[in-house]
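Two complexes come next, and they have one chain in common, chain A, joined by chain B in the first and chain C in the second.
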Partner chain A sequence: MHRWTYIVRRLILAVVVLLSVSVVTFFIARVVPSDPAAAWVGSHPKPDQIARARIELGLDKPLYVQYLMYMNKLFHGDLGTSVQTHHPILMDLKTYLPATLELVLVGMLMAIVIGIPLGVLSGAKKESVLDHVTRFFSVAGVSIPTFWLGLLLQLLFFSKLGLLPLNGRLSVDTTLYHPVTQITGFYLVDTLITGNWFAFKDALLHIILPAFTLATYPIGLTVRMTRTSMIEVLNQKYILAARVAGLPERTVLFVLALKNAIIPTITVLGLSFVYSLTGAILVEVIFSWPGLGTYVTNAVLSLDFPVIVSVTLIVTVFYVFINLFLDIVQAMLDPRVTLQ
Partner chain B sequence: MALSPNDVDVRAQRRSARYQEYRLMLGAFRRDILALISLVIILAFVIGAIFAPWLTPYPDQGRGEPNILEKFQPPSWKHPLGTDYLGRDVLARILFGGRSSLSIGFLVVFLAGLIGIPLGAIAGFYGGWIDEVLMRITDVFLSFPPLLLAVAIAAALGPSFVNTMIAIAVTWWPWYARLVRAQTLSLREQYFIQAAHSIGVGDLTIILRHILPNVLGPVLVQGTMDIGSAILTGAAISFIGLGVQPPTADWGKMISTGRIYFIERPWFAGSAGAAIFLVALAFNLLGDAVRDVTDPRTRRGA
Partner chain C sequence: MKDGVLLSVENLHVRFDTYAGQVHAVNGMTFDVRRGEIFGLVGESGCGKSVTGLAIVGMVPHPGRITAGRILFDGEDLLSKDEEEMQHIRGRRIAMIFQDPSAALNPVFTVGNQITRIIRHHMNLSRRDAYERALSVFEAVGLPDPVRIYRSYPHELSGGMQQRVMIAMALSSGAELLIADEPTTALDVTIQAQILDLLAHLRETQHLSILLITHNLGVVAEICDRVGVAYAGNIVEMGATEVVLNQMKHPYTEGLIAALPSPTRRGQPLQSIEGSVPDGLHLPSGCTFHPRCPHVMDRCRDHTPPRVQFSTPYGDHVVSCHLYAREEAR
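Right, the complex of A and B next:
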């Protein structure tokens, strides 16, 4: 199959998947709850609210009409209104989404910077002390409940060592005296653009703990995957040839071997990215990080059902697009992919 | 008799072969020890959960009875893990909490297998449009972020133990369906299946008597490895506020109620987190060991 044929096929498949995803979220919102109208208006509904919701959701109409109404609203950017904040959900998402994305991206950066080199060294020096320590931590990294790890890190770095702030995105002083001008919603970027160094440093200090907490699972996965594929690649003849030719070990490992070993790692990084989008829910609660996770958790506590369903849909759309992007990147990097 | 250079060479080879063998044995032994420790940890928690009422002097507190006079006590001989914000013995809560947290893990995997295995076997066995339809359905479920889908379903069904279990299993079965389908596809072409076909054995009999017994091995391996993650997911969902409702003990819930006191009084949220971590780690290590034993590609510790 030609590379472009593959990519086009993959795009069409993504559209089909997105449509099916909308059917599933529709079912969760309208069919699964015993009384969808009551669920739609929150924990203490008044009878007239329920009646209004019944009309708004079209619950008296057949299911497929309800679905078409639902899709029509979706395409017009109408995700409903939050029971809790009384804002249109789309507006809430615009303030919460950048905070989550910033956290996830910094976490991914940590996973790349820490995970890949550790995986390379651990694969190159199989059965060494470093290898055993790394492997233990990578198993521990996928077994530890992130929310608990967050608490432990707070206890260590805030309470015992006093090195890093406890929670939030900025300290109170910064919000009062060096307010961040909102441009992209990514504080690290916004403060850099506006040259607000004080706030930049503050934002950086605040993001370290939550981002690292979020990164533990991706780091564990990245290390394991890089290690396994390094071991495989290092057994190949071209590596032997490079060593015989006297190339420095650093070049052999980090340039020649890594270039081929990295392809599966990229897949794992993509999976970690989408994992982190949901992992952020738990981390944000621990660190009072004002993102999607905090939004959805508050929604769960106040039974703000429209928010729960909308966030699920939005994050899933992200999830589908990242997977699509990864498949395309892989098709570009590894010609064998398109042969399947 | 003098040794020829050739003999020396052979001896050296033998020695190195024996050395390799020792190394392998040592590796296997170390893995076995880890697997054994993991098994002991898991059994300890399971037994602790089953016999909780007889193992703790405070079974009522374990079930949720408050004991306000003794709240926030640090670990002591009387309360080895301290007491929580309602004065309940934390060790008792951990033992009782294991009942919901561990059973979520086992039941989710069981239920996911119950849905996924038959669907995967049917898809793989019949192929064609049945396969296509079933596999596209699994694609859709797999395109959701698992935790979030489970949260949405659990919220739609209402917070309870059973609903949480159903919600997680709904996000989990596609993995088993895929695994079983792949296994079935390769089995279908084998002679013993074709032979069964040729003497007129019915489809259902072939699936039940010849396919299922042969796919069960890999499914069991995957299941062992999944119980840990299922426990983590269950804990995460009850941490968020769905799942088992108070006063019933649950590890995830203990962390969510304990976290506001954590900096000053880390022992109760800390113990619950440690319990989840230990159990999940034990299942992951055990799963690794089981896979290494059954999968020849990784048997040499690669």
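Right, the complex of A and C next:
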């Protein structure tokens, strides 16, 4: 009960945050010296075309009316239209958002599966060979420039070894002969649901390199956070007590200690996740991945404000929910944490 | 005589190799714990009591190392066992509890989760049977409302209850020897007495032998059958509690007892032993107590004192002191 009232309170707060963000982004977009009407019309606009576009876009109305019109549409699921491409933004997002989410989620999964065990072992065997090797790679992971690593991986796994595809989400063959039925937009999920094994394997092979490139930074962070908090936890009396009670080292490390040590790691992973939604632009460009980062970067370069505002809102939604999720996970892991 | 011995520690040496140098934490510790008895290991802070306790279960903390000695448990040499064999002894045959129960319980698991994990690991019971066993052990250590305790997290329990839970966990798999390292030091006085009563009671009902580590002679007087007085990692005097506390022979024991507040000496200033406890980095030569000893003689400075054995109606009384060397010869 207690937990639910907390969640409801946080959700109400989330709505307030979202409204504020919408106001701020909307007005910033209008204050910036650029003319959406001119952009709408295209290159070499004539003055009367611009004037017509202005009325068409409602730009002749007072700002607050424009905002209310915008919000009204938003509540009806209409995110507006890109001034650059004249595409409905919602349609664009239906391709870009799942592509990004799929990439980022696989990247985070890699960070969890690789980073946490390495962090645990490296913290447990401090100053061992494993620890030194792990620390070397975790420092490398957070300091290697993404574009360089991405290109290097392409060179190695595509050009030299020919093991993995160069870029994109699917190969041409797949698109032609085993097309993916779009259900969720997550190719790995859609192909699985429809039993399209050929496309599933292809999508999997395509996502490995970009996801790993994206994951190197979070892996490095995860290893370091996990290692640091494991070292602290392993010094606690209850760990000694568990060992003296004869429990196997596996249980001591991966259950008894890890549950105490994992909270900072989860926080870091959650924030990396949100960051990667729009921050994965380099990976998206190198691997021709049709993601949100590329989409919003193009929008920023062409001052396509409806797109900027929409993406900002979506990222805010994720940010708010990830934070709520992190709080709940923390309270679930540690009974001494009270939600309030 | 030796038949009754469950644990025997012989000439144990533990050394920590630190950046500052070699710390001699335990230096020739020798004592034994007999079946069914409560043996007190008493001494000032830093004299190597905890390290000795941990050495028995094979858990000397890094960077410590056992450099000499033997530890015989039920006739088996524990120091010759490998890690896997020791895991079968830890928790199953020898259990240990610690000073601060709130730190020794894992904060993020329920008490029930922690005890059943241990029970199931050692006894191969079903979930249901382990649960039943946990409840009955909780009852045996005097915890009221075992079902509620089972579902509690450590921070929801009082210090006394936490220590009872620790004892329950320690005994849940039928250990024969309990090493209790300062089990009451962190608790309120009234709770201390209850926990000591509980230990004495469990010794009777569970066929338990207890190695009770403490710096408190009052605790020793209350429940120990025999006691060993440790100084700088060695036992300087050992025997039945009545004998050691009333007819002590070692000057250090005399000093410790003189330093106790006592009703018969009310109003008189407390005495304390001059000087300070030697640190393991620079142990005095000869008898390690000689710099503080009021009866110091020349040979004390560079000769290790002999272990002199006296017979008393309560059993052997052993003293490591040059003062009694002649008596031994007689």
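Keep this in mind: the second predicted complex is superposed on the first by the 272 of 340 C-alpha atoms of A that agree within 3 Å, B and C clash if a C-alpha of one lies under 4 Å from a C-alpha of the other, contacts with A are read in each partner's own complex, and residues count from 1 in each chain.
Criterion: a residue touches a chain if its C-beta (ideal position, glycine included) is under 8 Å from a C-beta of that chain, and two chains touch if they have at least 3 such contacts.
Note that the coordinates shown come from a computational prediction; the quantities given were computed from them, not determined experimentally.
A.B. asks: Figure out whether A:Thr316 sits in contact with chain B (first) or chain C (second), or with both, or with neither.
C.D. replies: Touch status of A:Thr316: first partner only.
A.B. asks: After the superposition on A, what does A:Ala245 contact: first (chain B), second (chain C), both or neither?
C.D. replies: second
A.B. asks: Quick one: is A:Val24 in contact with chain B, with chain C, with both, or with neither? Answer first, second, both or neither.
C.D. replies: first
A.B. asks: Pick one for A:Leu333: touches chain B only (first), chain C only (second), both, or neither.
C.D. replies: The second partner, chain C, only.
A.B. asks: Going by the contact rule set out at the top, does A:Val296 touch chain B (first), chain C (second), both, or neither?
C.D. replies: It touches chain B, and chain C stays clear.
A.B. asks: Report the partner of chain A that touches more of its residues: chain B or chain C.
C.D. replies: In the superposed model, B touches more residues of chain A.
A.B. asks: Go through the superposed model and pick first if A:His87 touches only chain B, second if only chain C, both, or neither.
C.D. replies: neither
A.B. asks: Quick check on the output: what are the common chain A residues between the chain B footprint and the chain C footprint?
C.D. replies: On chain A, no residue contacts both chain B in one structure and chain C in the other.
A.B. asks: Along chain C, where are the residues that touch chain A in the complex?
C.D. replies: 54, 57, 59, 61, 87-92, 95-96, 98, 100, 103-109, 117-118, 121-122, 153, 155, 166, 169-170, 173
A.B. asks: What residues on chain B touch chain A, complex-wise?
C.D. replies: Contacts found on chain B: 136, 139-141, 143-149, 151-153, 155-158, 228, 232, 235-236, 239-242, 252, 255-256, 259, 262-263, 266, 269-270, 272-274, 276-277, 280-281, 283-285, 288, 301-302.
A.B. asks: If we count contacts the way the header does, which residues on chain A are in touch with chain B in the complex?
C.D. replies: My answer: residues 16-17, 20-21, 23-25, 28-29, 32-33, 39, 127, 139-140, 142-149, 151-152, 154-155, 158-159, 166, 228, 231-232, 274-275, 277-279, 281-282, 285-286, 296-297, 300-301, 303, 305, 308-309, 311-312, 315-316, 319-320, 323.
A.B. asks: Where on chain A does chain C make contact in their complex?
C.D. replies: My answer: residues 236-238, 240-248, 251, 256, 259-260, 333-336.
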